[in-house]
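Notes follow once the structure below has been shown.
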């Protein structure tokens, strides 16, 4: 699934856009027990990401945030709250504005610009969709001419050939390539990815940041150990059935922030899942006695 | 893709809902060259369906109508126009109210009830979706308890085992089963389907009605000939690439009603496609010198 | 999966090939408890098909017969035994000679001819395979020029458009179209199929023959009832997990003929499956107190 | 596709099996213009791999070698020729002995042992196959108890989570993990893969060996450049349609060794493909003026 992102600049006198590097948390949308969005929790959520996970970039209203299960009005409210609470705390707030119909997608993009978001992102069409699989690498060819503010791609496929071609054909560092398959991020880093967008960085951001550091050193054995351990957790929960509803429950359990239930058609994680996932996470011994 | 439909009754003194039988045209949404919906064309469209195709039921804002590419506002306007123009001419106007998010879906359903639509229909979740394939037959088990106004299913899979189980487990004729794979409708009729919803009934409704008559007689050889000939056309255009954009072009070409271009992400049919499709359709010799 | 079949004629003075109509049982390969093929059981098997199921055509060494799990030598022995035991009892013995490599496929075809089989059939390539889905209808175009003895197709897809095109483009009755999706045979009959090849005709051949009679009359309500009831059984076992191993167990249970275990990689049906499947089959009340 | 490999030891007094590291060429099967296997070419092929590509391990009769399109007899002849010509020149000769039926698979395994092959490998069942996707990591659990000579896995999936779990759960270096998706080998190396089996190492072995060296140093920028360039070639030919037939043609073109046509159902690469692929390969400028 391709999500290019495009920065907006509040005014023309500004410096060029800040470079986006490292981890981006695909944020969860907190909800009240009766299924309304729970805006007051966002403040606590921002502080948790920054202070506990060392993650300063967020991707709001994406798949993890159930963005497509929210009304246009709800999506705008959430975007505003993240901008407001993230002020002076977060580096990048990217708003996902993808929608099935163009008029609403355009409305969301204008709104993101108006509230000063650092960038927008748009999911590729998934109802009416291209009949042929298009490689991202082909999409980037001449994209600046079509989208002058184009800045990079969230690349969420396990096909690293395409990723490598994207990175090296844009070798001047013009674009950023954020990888979106959390469990094999280390492989993407080896091929040149700049950072990552994912749901696990909500609660495993600190450890993944240590993996990035080990990779930069380079200390491969250590980086592999972090990747293996996050993979061990993911592998475990994937076997139990792991989706956005389960991510929501894990985040509540790890952070203590009440993320609430998911919205239909998603169904809340079972108590059994939550107990098993927590026990697994607690059992992991991170390097350096972490 | 499952689309159950559910009738609304304007007031409780009314007779039980009219039985829906025969063909239902999945309507196209006419657009102006600059991509706005073209409401004034609906009146002509209604007359064409009734007078030229002998089709008196419509399914509005579905996939063929690019319903999910329209804003909520546009969908309401279209539903109102079909209700208004169809008054005293159409038997059933069913409004598709499916949306990715529940709040908007509920809003559309309330609107359909308010304008007196004969029924609503809802596409199954397709972004977040069930991990296991569920058979329609299982869904119908006890559905009246959950949805008292439940009336039937648009069944659009080539798996006729599931269809046959649905039909015969609901053997009192309580529900209606409208088949949605136009090119093999005759097979579904043999298994007991009540009618059909499809895009080809916009322009091949008359011939398909003759197939229904031949089947009812029964005159199998004749019914097979109609099915073969519609199949020959579909087979031909499918090889060229046949989707909603192409259906729009074929309908414009056959009916003379300006359906206009599709909306992005769909791309208009090529001139070459339109010419070839028209030539193919013109070359078909229907039974009885039709 | 396409399996064209091609008749062999023992000598040129013979009459044109017998027409193949009605049901063809895709035979099971009986095995001993230690996994050898159990040839002595074939005699009893032939009598059972003819006398109890009213099925006089067989398709040997196909998927149901685990043909591709057998060595070349075993396949030859089985073919010979079916020819020998079927003499004067069976109408058509078709030998599946498909193999992954051409030399062995050709060897099996020559052997089938040598022993006087009524026809051969060949599975389409499935390891190295065409990148594009080819419609059967396209394959038949001019096939007589390439395979002068070509006689027809076992059509095992739920896509009835392709089937209908095949049948009507070969409208002089030159070829035969045997349908291979047992649970929706009635739909295929409506579109003009001549008969059927399937595994259920081993143990539900008698009832399916009654469905064919009802269809020929035509008595649709009755035909639908048979199709619904065989579908009810299949639907039930498919939910439990239904493959060749399970077919083997059901046939043993219904016929009393010891079909034995399947060969690896298939694993024998569980006792629980066998009990449930038997109970389901026993619970079905066929029309006319059957 | 899983291919575990299992070493054979000629006699019990021998030292433990040699460790298999680095690149393994999935060998092509040379054929004569009339489709027979061309044994005399193997000698030249061995010398080319060793002297020109610096590749000393081979995987014979696998997918690239059209192993499943060959008769049992042909597979034995090829295995013998590789053993004979590779003597004192190659480090490891692994024979793929997978077949659809167990008797022939066992026969090939015994033959490989008899001729002193360094190991055998077996493709996972692909006609009758498990209904659930099994993770390789689960298969390895306790495998030594079942297959005492088990040595490792050719891992050919882009899912690196599974690979990483395999590697780290077998952390004592007991098993070897050879990666089989040539175009993203660098990602797999980062996660701990020991080496690689692939078809491109027939003609890009030398450059891939330089990538392995750069990775070991570590010089990431250089390793990425090699991976990008091999990826650029593969990306180019994949768009043209790239399979075993095309690999055969490319190898003929690069090495000058006459690999001949593929066997049906594969069809020889077109002259246009060969010309374009050659031009692309010639246009690539490898690092260090290579």
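What to note about this one:
Labels A, B, C and D are assigned to the chains in the order they are written; within every chain, residues are numbered from 1.
Everything below uses one rule, namely that a residue touches a chain if its C-beta (ideal position, glycine included) is under 8 Å from a C-beta of that chain, and two chains touch if they have at least 3 such contacts.
Values in this document were obtained by computation on a predicted structure and should not be read as measured data.
Farthest chain from chain B (centres taken as the mean of C-alpha atoms): D. In terms of their C-alpha centroids, the spacing between chain A and chain D amounts to 37 Å. In this assembly, the C-alpha centroid of chain C lies 38 Å from the C-alpha centroid of chain D. Averaged C-alpha coordinates put the centre of chain B at 52 Å from the centre of chain D. Arrangement of the chains shown, judged by which pairs touch: one closed cycle in which each chain has exactly two touching partners. Those residues of chain D that touch chain A in the shared complex are 135, 137, 158-162, 164-165, 167-168, 183-184, 186-192, 218, 220, 223-225, 227-228, 231-232, 234-235. Residue ranges of chain A in contact with chain B, taken from their complex: 66, 68-71, 74, 100-104, 125-131, 241, 243-244, 263-266.
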